[in-house]
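Just below sit the structures, each encoded as C-alpha cells.
Two complexes are shown next, each including chain A; its partner changes from chain B in the first to chain C in the second.
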Partner chain A sequence: MDLSTLGGQFIGIIPLGDIVLYFTTFNLFMFAAVLAFTVLIAISRTESQVEAQFGTLKDREKKVGKAEFKIRRFLAIVCGLATAGAMVTGDVFDFTLFVALIGIVNIGIVAAVKEIDVLDSAFQYGIIAMIASLPLFGGAAFILASSGTLSLLEIVNIPTTTLMLFGSILLFLGVAGETGVAPFFATKAEMFRTPGSPFLLIIHLSSLMVIVRIIEILLIINKPF
Partner chain B sequence: MNLMADILLNVIIAFLVGSVLFGLQRKIMARIQMRPGPPIIQHLLHTFKFFIKESAFPKTAAMPFYIAITAMLCAIWVAAVIVGPVTEGSLLLFFAIYALHKIVEHNAGSSSGSPYGKMSCVRAVFSAAAELPLFAVLIIIYLKTGTMNIGNIVTYQGQYGPLIWGIPLAAMMFFVLILSKAPYSPFAITKGKDIISGYETEHFGLLRGYLMISESIAWYMLLWIFLTVFIGGLSPIGYLIGMILISALVALINATTPILNPNHSIMVQVSLAFIGVLGSIILLTVY
Partner chain C sequence: MRLGRLWNSLATPKRIPRVFSIILGLVLLAGFIVPLTYNDNQLYPRPTPQLQISEKDPLAPYDRGGVPLKEPGIVKAQYPNYAPAEGMITGYLSPISIGVSNTTLYYGTSIYSSPGGLIDEILYYSRGFDTFLESSILMMAFVVASWVAIHFTMRRRED
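Right, the complex of A and B next:
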C-alpha cells in the first residue's frame, strides 16, 4: 500500500527536521480549503443576530462587542492554522497536538461569549475535550510502542498489529471527543446559538476536517490488505 | 480533450441535468399529490431568473463572509466535478468536499443574522453529525475493493460485477444520504418549511442564483457517485436513465412522507448508518 491509494497523486514532502509534512491531492485540497476559510474569517465582520422578544412585537439585536470580537478572531485564526497543520502533517504525535490545540481554542472561542447557556455548553464540551485528551495521546503512545515510529510515511510500510489497532481505536475516540462530533455533538450544537458566524465556522470546519483526516490516518495505520 | 474545456463541459452538464432532475422531482411529487405541478424546467428557469433579479443584502449580515460563502459553495461543487467525472480521482477527496459543503450550508444560514437562518445553522450541525457516519460508506467500499480511486473502483466492478450486489447495505446508506439532500425529503431539516427556506432565506438575487447552481451540481454529483461506485462505469445514456430512476424514487418517497422532527431525523439516519456499517462489515467478513 502507498499513500496515493487513499489520497490520490503523491505530490511531495516538506521535511522540517523530525517533522515531515506530506502532500497528496487530498491533503493539499484540505490544506488550501482550510487556509482559504481562515483568511475569510480574518477579514470578516460579525453579523447582528436578530431575535424575537416575548410579550412584544419588537425584535432584539445581539451583537459581538469589540473586545470579544478581537479575542474570538485571534482564537479563530489560531484554530484555522492548527487545522491546516493537522491536514498535512505526516506525524501522528503532531496530529494529536494539533487536535488538542483545536479543542482548546474551540472552547476559548465560545467561552469568550457572556451568555449563561453558551458558557454552560462550552463547559460541558470542555470536560469532554479534557477527558478525550487521554485516549488521544494514549492512542498515539500505543501506536509508537507497537510500531516503533510515529511517522505515517514509515507506518504505511509496517504490517498492522493488534496493538496498533487498539491504539487506533483510542486515537479515534480521542479525536471524536476533542472535535465534539457524534456522539458528543449534542453539547456542541448548543454553542452555535451565539452570534459570530465567522468564528462558529472555524469550530465546525476544524471538527469535520479533522474527522476526514483521521479516516485517512486510520486507514494508513490499519492496512486491510 | 483540453482539460479546461473538459471541466467546463462537465460543469455545464452537471448544472443542466441537476436542474432538470430537480424539476422532474417536483413534477412527479405534484402528480402523486394530484396536482398539475410546475414545468420540469422550472428549477432551471428559477436559477436563471435570480441572476437578473436585484440583489439585496441584510444590514445585519456578516460581510464579506455572507457573500463569499455562496461563491465558495459553487467552487466546492465545481471541484467535485473535477474530482469525479473529469479526473476520476479519490473518493476520500469527495468525502472532504462533502464535509466542506456541510460547513458552508451551516454558515450560509448563520451569516445573515436571520433567526430562520440561525435555526437552519444549528440543525446543520446536528445533521452533519448524522450524515458523516453515512458517508462512512466510502470506507466499506475501500475495504471491499482495496482502493479509493474512482477509476480503479470502476475497473474492479468490470471484473467482479456491480458493488450494489456485494455491499447492498452500503448502497442503502448512500441512498439515504442522497435522500437527505433532496428538497422536501423527510431528512431535509435544514430547509424545512417551518424555517421558511432555512439557510437560503436571506440570500436574494445573484447570491441565491449561486446557491441554486451549487445545489443542482451537488445533486448531479451525488447521483453520479452513487451510479459510478455501486453500478460501475455506464454510458452517458445509462447515467441519465439511472439518475432519472433514482430521482423518481426519491420523489415518490418525498411525496408520501412528512418531514421529520430534527431529533427523529438524526436518530433515523444514525440508526441506518449503524445498521449499514455493522451489516456491511459482517457481510464482508462472511463472504
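Right, the complex of A and C next:
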C-alpha cells in the first residue's frame, strides 16, 4: 500500500526539515476547502440572534460587540489555518500539535460570550481537551517508539505491530476528545448556543475535517488493506 | 429503554469529562497487555541513560559531540537531504558555558545549558516547524487568557 491508495494522485511535497507536508488529490481538496471557508469567515460579519419574548410583541436582539467581534475573527482565522495545516501535514506529531492548537482556539472563540450556560460547557470542553492531550501525544509517542519514525511517508512502508495499533487507538481517543465527536459531543453542542454564527461554524468545520483526516492517518498507519 | 436513558445522560456537559476519563482509563489499562515491541532503529536515538554520567562527561546526558561549523555531531534526521547542515552547531558552547563546564560535572543538567549552551538541533533545525507550532499554541492560550482578563476582570461593568 502507498499513499495514493487512499488519497489519489500524489501531487508533491513541501519539505520543512524532517517535517514534510505532502499533497494528494484528497488532501489538497480538503486543504483548499478549509482555506476557502476561512476566507469567507474572515470577510463576513456576525449574525445577530433574535429572540421572541413572552407576553409582548417585541423581540430581543442579541448582538456581538466590536471588541468581541475582533478577537473572535482572529481566533477563527487561526483555527482555520490550523485545520488547513492538519489536512496536509505528513508528520504524526505535527498533526497532534495542529489538533491541540485547534482545541485551544475553539475554547477561545466562545470564551468571550457572557452566557453562563455556554461558558459552563466551554469549561467542560476545556477539561476534556486537557485530558485528551495525554492520549493525543502519548499515541504519537507510541507510534514513534514502535515504528522508529514519525513521518507518514515512511510509516507507510513499515509493517504494523500491535503497539502501533494501540498507539493509534490512543491517538484516535485524543483526537475524539479534542474535537468533541460522539459520544463526547454534548459540551460542543452547547457551546454553539450563542450569537456570532460564522465564527462558531469554524469550530464545527474543524472537528469534521480533523476527523476525516485522522481516519486517513489511521488507515495509513495500520494498513488494513 | 435503558439505552435511551444512557444516551440522555451523555447529553449533560458536566458528565462528559467523567465518561471520557473512564474510557481513557479502560484503554490505558488495556495497554498493559499490549506487547511492547519497540523498534531498535530509532530516528532520534539517545545514549544509554547513565553511560555519559559514568564517563564523567560534564555535558551528560546531552553530549552529542562534534566541533561547531567543522565536524557534525551525532544528530540524525529523517531526510538528511533537506537538512544539509545537520549537527554542525550542536557542539557549540558559549564562553560562559565552557567556563562552567570546566568546574562542574553537572553542567548538562543545569539551567546554564540552555542559553547559548547545548543547542538542541532536533528542536530548532530538523523539526523546527514543531517548535513554531508549540509556541503558537502557547501564544493563543495567552491571547485568550489576556483578552478575558482585560475585558471581564479589569473592565467589569455590572450588567
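Criterion: the second predicted complex is superposed on the first by the 224 of 225 C-alpha atoms of A that agree within 3 Å, B and C clash if a C-alpha of one lies under 4 Å from a C-alpha of the other, contacts with A are read in each partner's own complex, and residues count from 1 in each chain.
Quick note on the criterion: contacts are C-beta pairs under 8 Å (C-beta built on N, C-alpha and C of every residue); 3 or more make two chains touch, one makes a residue touch a chain.
Bear in mind that the values here come from a model prediction, so they are computed numbers and not experimental data.
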item: First (chain B), second (chain C), both or neither touched by A:97; value: second
item: Partner chain(s) touched by A:215 [first = chain B, second = chain C, both, neither]; value: first
item: Touching partner for A:51 - first (chain B), second (chain C), both, neither; value: first
item: Partner chain(s) touched by A:115 [first = chain B, second = chain C, both, neither]; value: neither
item: Sites on chain A touched by chain B in the complex; value: 5-8, 24-26, 29-30, 33, 36-37, 40-41, 43-52, 61, 181-182, 185, 188-189, 192-193, 195, 197-198, 200-201, 204-205, 208-209, 211-212, 215-216, 219, 224-225
item: Residues of chain A defined as touching chain C within the complex; value: 15-20, 67-68, 71, 74-75, 78, 93-94, 97-98, 100-101, 104-105, 107-108, 111-112, 114, 120-121, 124-125, 127-128, 131-132, 134-135, 144-151, 154, 158, 161-163, 166, 169-170, 173, 177, 183-184, 186-187, 190
item: Residue ranges of chain C touching chain A (in the complex, touch as defined); value: 10-17, 19-21, 23-24, 27, 30-31, 34-44, 77-79, 82-83, 125-130, 133-134, 136-137, 140-141, 143-144, 147-148, 151, 159
item: List of chain B residues in touch with chain A within their complex; value: 59-66, 68, 72, 76, 79, 89-90, 92-93, 95-97, 99-100, 102-103, 106-107, 110-115, 118, 121-122, 125-126, 128-130, 132-133, 139, 142-143, 146-149, 270
